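This report refers to the structure that appears directly beneath it.
Labels run A, B, C and D following the written order; every chain starts at residue 1.
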Amino acid sequence: MLMYSFQVGVLGATGAVGQKFIRLLEDHPWFTIETLGASKRSAGKKYKHAAHWIEKTEMPARAADMTVQECSPEQFADVDFVFSGLDSSVAEEIERAFAEAGIPVISNAKNYRMHDQVPLLVPEVNPEHAALIEKQSFTEDGSGWIVTNPNCVSVPLSMSLKPLHDAFGIDSLVITSIQSVSGAGYPGVSSMDIVANVVPYIGGEEPKVETESTKLLGSLDEDSIAFEDFTIQATAVRVPTIEGHLLSVAAKLKGTPSLEEVKTAFTDWDNPIAELDLPSSPSTPIRLYEENRYPQPRIHAEREGGMQTAVGRLREGTVMDIGYVTMAHNTIRGAAGGAILNAELLAAKGYIS
Amino acid sequence: MLMYSFQVGVLGATGAVGQKFIRLLEDHPWFTIETLGASKRSAGKKYKHAAHWIEKTEMPARAADMTVQECSPEQFADVDFVFSGLDSSVAEEIERAFAEAGIPVISNAKNYRMHDQVPLLVPEVNPEHAALIEKQSFTEDGSGWIVTNPNCVSVPLSMSLKPLHDAFGIDSLVITSIQSVSGAGYPGVSSMDIVANVVPYIGGEEPKVETESTKLLGSLDEDSIAFEDFTIQATAVRVPTIEGHLLSVAAKLKGTPSLEEVKTAFTDWDNPIAELDLPSSPSTPIRLYEENRYPQPRIHAEREGGMQTAVGRLREGTVMDIGYVTMAHNTIRGAAGGAILNAELLAAKGYIS
Amino acid sequence: MLMYSFQVGVLGATGAVGQKFIRLLEDHPWFTIETLGASKRSAGKKYKHAAHWIEKTEMPARAADMTVQECSPEQFADVDFVFSGLDSSVAEEIERAFAEAGIPVISNAKNYRMHDQVPLLVPEVNPEHAALIEKQSFTEDGSGWIVTNPNCVSVPLSMSLKPLHDAFGIDSLVITSIQSVSGAGYPGVSSMDIVANVVPYIGGEEPKVETESTKLLGSLDEDSIAFEDFTIQATAVRVPTIEGHLLSVAAKLKGTPSLEEVKTAFTDWDNPIAELDLPSSPSTPIRLYEENRYPQPRIHAEREGGMQTAVGRLREGTVMDIGYVTMAHNTIRGAAGGAILNAELLAAKGYIS
Amino acid sequence: MLMYSFQVGVLGATGAVGQKFIRLLEDHPWFTIETLGASKRSAGKKYKHAAHWIEKTEMPARAADMTVQECSPEQFADVDFVFSGLDSSVAEEIERAFAEAGIPVISNAKNYRMHDQVPLLVPEVNPEHAALIEKQSFTEDGSGWIVTNPNCVSVPLSMSLKPLHDAFGIDSLVITSIQSVSGAGYPGVSSMDIVANVVPYIGGEEPKVETESTKLLGSLDEDSIAFEDFTIQATAVRVPTIEGHLLSVAAKLKGTPSLEEVKTAFTDWDNPIAELDLPSSPSTPIRLYEENRYPQPRIHAEREGGMQTAVGRLREGTVMDIGYVTMAHNTIRGAAGGAILNAELLAAKGYIS
C-alpha cells in the first residue's frame, strides 16, 4: 500500500460534515488533522466547547483539545491541504481565498462543482478528471486549486450509472430520491415535519441531481469537461431515515441490452482505481443485491465503512429499459468520506505534495 | 340529497379493512350494518371479543355486541349487499358464492379486479363502467354481482390522471410509490424492518399499479372494458408512515400542453358525480397544492374525511412532459372508503335495491 | 346549554399554540376571534402570510385573511378577553400590560402560574380556584386579570390524581413522563436528535411537573392557594411521537386502600363541572382503560376532541402503593384546549362579561 | 491476554439472538462456531437458506454454508459448550437435555434464571456466583451445567446498581424502562403499533425486572444465592427505537450519601474482572455522562462494541434519594454479548475445558 504523510486542515469543522471529517480522519493512515477552522463565533474556543457533537462515536480526544481557528489561510499555514465542509453561503469566498493562497481545497460544498476547471470527482467514476487541476489559475504556480465531490444523491447515481454508461451509454433517466434527514445537517429538518411523514420537496436538490451526473460521466476535453448528453428528471423527497439516500431509477439506455447483459455490466465492471488500493476505497464499490427487499438504508448504508454503493431490484422496465434502486451513505460516501477518497486519489496521483 | 336505507353485511370484519368499514359505516345515512362475517375462528364470538381493534376511534357499540358469523351466504340472508374486506387468499371463492347466491358484493379484494365483466370502479374516474354489472352472469336474474375498487396506489394515480386523460391523453408514466405501513394490514410490516428505514419492495404491488389504471381509464365496450393503451413503470417502496401513500409521477402526455394548460386541466376538471351529492363524496375530490412542501401524508391524508386526492409539485419535466406528486389515504380513499363511495354510486344509479 | 357571545383575541397567534387556538376556536359556539396578535415581524401581514401553518386541518378562512396586529392592548380594544399562546420569553411583560389595561388574559404561558393571586386552573380539578381572580390587583376595578393553565404534563397528572386525592390523599409520587415532539413547538426538536431515539432530558420541564400539581390540588385560602403537601419526583424524556404525553406514575397514597378501592375512586369520581355542560368539556374527562396495552398516544390522544385524560395499567405497586400510566393530548388538553375550557368555565361563572 | 480455543454450538441459531451470537462470534479469539442448531423446520438446510438475516453486517461466510442441525445433544458432540438463544417456549427442555448430556449451556433464555443452583451472571456484578456451577446436578460428574444472563433491562439496572450497592446499599427502586423494538425479536412488534407511538406494556417484562436484580446483587450462600432484600417497582413501555433500552431510575439508598458521594461511587468503582482482560469486556463498563441530554439509545448504545452501560442525569431526588437514567444495548450487552462475556469469564475461571 502507498504511504504518505500529510498535515490537513478542516474548514467548517463544527458542522455536521466537519464532524464527519474529524471522525473519519481520526485514524487515517495518511492524513493528520493539524488545524480546525470554523466561524468567528467558534474561533478561539477548544473544539469540544465549540461543537455540538452529533456523531455516534466519541469525539476524538486530539480534536477535542484543539483550538478552533477562523477560516483564513494565514491560520492554515502549516497544512498541506484543507478539507472543506463549509456551508455554501460562505464556501465560495473562503475556498477561493485558500486556493489563491496556494492551499489546495478538497471541498464538499456545492459552489465550485460546476466551475469549468474544477473537477467534480468520484474516484471510481471519473478519476481522469483530476487532470483539470492543472488548468486552474487560482495561483500562478498552480499550487492552489479546488476539487469537489458531488451532491449526496449524485454519488450513488453516478456510481450506479458508470457501468451502464461504459457498456451501453445512457439515454435518459427518471429518478425519485428518497432521502434521509442527515442530508439537511443539524438541526436541519424539524421532527414535527418528518416523524411518520414524507415531505415531497428538498430545496435546491433536484437541479443538482439533474446536472451533476452529466458532468461526472462527461469526457475530459482540453481544458474543461464535455458533459454527457443524457437527460435526468428528478424528484427529491425526505423521509424519516437517519442515514442513506435511496434512489428509485428508471433508465433508458443506448442500444437494447437484455436484462442479463445489464446485470453482467454491473458484475463485470472493473473499478478503475482498484490497483491503487486507497485506504478509504471499498473492496466492492458497487454491490448488486439479488434479494428484492434489499438494499435498505438502515441496514446497508454502513457497509464497507459507509463507502459502498448498493444496487438492487434490477429489472426490465416497461417505459424505460430498466428499473433499479441504488443507495449510499449520504454523509460518508456522499460527503466527507467521498472527499477523503478524492484526497487519497489526488495524493496517489501526485497532485498533493 | 338522495336518501336510501339498506341493510349491509361486512365480510372480513375483523381485519384492518373490515374495521375501517365498521368505523366508516357507524353513522352512515344510507347503510346499516346488519351482519358481520369473519373466519371460522371468530364466528360465534361477539365482535368485541373477536377483533383486535386498531382504529383510533372507539369501537362502535352496536358492532361490538354483534355476534360474528361465518362468511357464507346463508348467514347474510337479511342484507341487501355486502362489503368485502376479505383477504385475497379466500376472497375469490367466498365472493363468488355470495354473488351466485344473489347477494351483491362490493369488494376491496384484488381477485376480481381484472375480471372481464367486473367493474373496477372509482366514481370520479369511470362511473359509466358500473353498467358492466348488467353483463355479469353469477345469477340468472342478475341479482348477484361483484364490483371492485382498485389497489390503494391506483386510486390516487387514476384520479390524478383523469383530468390529464380527458384533456390531453396519457402516453406513459414512470412512478415511484412511497407507501405507508397500514397498506400491509395488521400486524403487517415488522417494526424491525421499517423504523427509520425504507424497504424498496412490496410484494405483488407493482404489477397492480402498472395495470389497473389502464382499465380504470379504459372505455366501456359492449360487454367489457377496452383498456387505455398507455404504459406505466412502477416502483413501490415502504416507509415508516402510518397512513397515506405518496406517489412521485413523471408523465408523458399526448400533445404538448404547456404547464399552464396542465394546471388548468386540474383546476377546471369537473367531478362527473358532483351532482349526485353522495354522502361520502368529497367536495373537492382532487386538491391541487401550490406549496412545494405539500402534500404530506401525515398532515393531509385525512382531509375531507380521508376521501380527497392531493396533487402537488406540478412542474415541467425534462424526460417526461411533467412531474407531480399525488397522495391519498390508503385505507380510506384507497380501500374501505372507496368501496363505500362505490356502493353509494351504485345505489344512486339504481343497481342496489 | 349556556349561550354566550364573546369577542376574543389571540396573542402569539403564529406559533404552534396560537395555531391550535385558531383551529379550536374556528367553530366555537361562544367565542369569536376578533384580533390576532404576534411579534413585530408578523404585524401588518395577513395571517396566511405570517404563519407557517402546521395543523392538519385547513387554515380557517376567516383567520387567514385577518391582518396580524402587534401584541399591545390598544390593538385589542374590541375584545372581551385574550387567549395567550405567547412564548415565555415575552409573556410576562405583555400579559401584565393586557391585564393592567383591563383585558382579561387566559394564558398558556408559564410565567404567572406560580403567582400568588393567579389561578392555575384545570376545570375538573380545581374550579373553585377561579375565585382568586377577585384578589388580583392588575386594575383597580378588577376588570383585568390573568388565569393560567398548567404545563402539558401537569394536566393529565393532576386530573388522574384528583380522584385519588379526594378519596385518599396523596403522599408522594415518582413519575417518568414520555413526551412527544409537539411539546417543544415548531421547529422544536431536531429530527436528527429524535428519530428512532430517546432524549432523556427536557429543559425546565421537571421543576414544573414537580410543583404545579401541588398548587392545582391545593385549597383556596383567603387570598391565595395553600399547596398540597405531597412530593413529586419527575423525570421527563422525549420520544418520537407527535402528540400525547404518556406518564408512568408510581403513587404512595394516604391510608392503605385496596386496588379495588382505587379503581372505584376513578370510576365513581364525579366531574365537578359536569352540570355546566361546557362546549369543550369531554363527556368522560378521565377514561380508565382495562386493556394492558392502552392507552397509547397515537391511538387515544385525540379521543373526545383531544380533551380526555386516559388512565391505564392501574395495578398494585411494590415500593409505592400503586402504579398507573396516564396520557393526554399535550397541545389540546395540555395547552390551547385547556385554556379554552378555562375560558368557558370563567364565562359560565360570570367572570367574563 | 489469556488465550483459549473452544468449539462452540449455537442453539436457536436462526432467531434474532442466535444471529447476534453468530455475528459477535465471527472473529472471536477464543470461540469458534462448530455447530448451529435450530428447529426441525430449519434442520438440514444451509444456514443461509434457513435464516432471515436481520443484522446490519454481512452474514459470516462460514456460518452461511453450515448445515443447520436439530437441537439435540447428539448433533453437538463436538462442541465444548453451547450458547442458547432459544425461545423460552422450548428452552427449558432442550437446555436440560444438553446439560444432562454433559454439554455446558450458556443461555440467554429466561427459563433457568431463577433456578436455585443456576447462576444468573453479569461478570462485572457477581462473578463469584459462577461457583454455583459446582452445585448443579444435571450430571453426576458435573460436566453439564447451565449459566444464564439476565433480562435485557436487568443488565443495565444491575450494573448501574452495583457501585451503589457496594458503597451504600439499596433500599428500593422505582423504574420505568423505555424499551426498543428489537427486544421483542423478529418480526416482533408490529409497525402499526409502534411507529410514532408508545405502548405502555410489555408482556412478562416487569416481573423479571422486579426480581432478577435482587438475585444478581445477592450473596453466594453455601449452595444457593441469598437475594438482596431491596424492592423494585417497574413499568416497562415500548417506543420506536431500534436498539438500546433506557431506564429512568429513582433509588432510595441505605444511609444518606450526598450527591457527590454517589457520583464518586460511580467514578471510583473498580471493575472486579478488569484484570482478566476478557476479549468482550469493555474498558469502561459503566460510563457516567455529565451532559443532561445523554445517554441516548441511537447514539450511545453501540459504544465499546455495545457492551458499555451508560449512566446519566444523576441528580438528587425528592421522593427517593437520587434519580438517574441508565441505558445499554439490549441485544448485545443485554443478550448475546452478555452471554459471550459470561462464557469468557467461565473459561478464564476454568469452568470450561
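Quick notes
In this text, a residue touches a chain if its C-beta (ideal position, glycine included) is under 8 Å from a C-beta of that chain, and two chains touch if they have at least 3 such contacts.
Going by UniProt, the chains are A, B, C, D = Aspartate-semialdehyde dehydrogenase.
The structure displayed is predicted, hence computed values, not measured ones.
More contacting C-beta pairs link the chains of C-D than the other of the two pairs C-D and A-D. Using the mean of the Cα atoms as each chain's centre, the chain most removed from chain D is B. One finds 42 Å separating the Cα centroids of chain C and chain D.
Taking the mean of the C-alpha atoms as each chain's centre, chain B and chain D sit 48 Å apart. Annotation: 40 Å between the Cα-based centres of chain A and chain D.
Shared interface positions of chain C, i.e. residues touching 2 or more other chains, are given as 54, 193, 195-196, 240-242, 298-299. By the touch rule above, chain D contacts chain A in their complex via residues 54, 56-58, 195-196, 242, 298-300, 302-303. Within the complex formed with chain B, the residues of chain D that make contact are 16, 54, 181-182, 186-196, 240-242.
Listed in rising order, the residues of chain B touching chain A in the complex are 172-174, 176, 178, 193, 195-201, 203, 210, 231-233, 235, 237, 239-242, 246, 248, 250, 252, 292-299, 312-313, 317-320, 323, 325.
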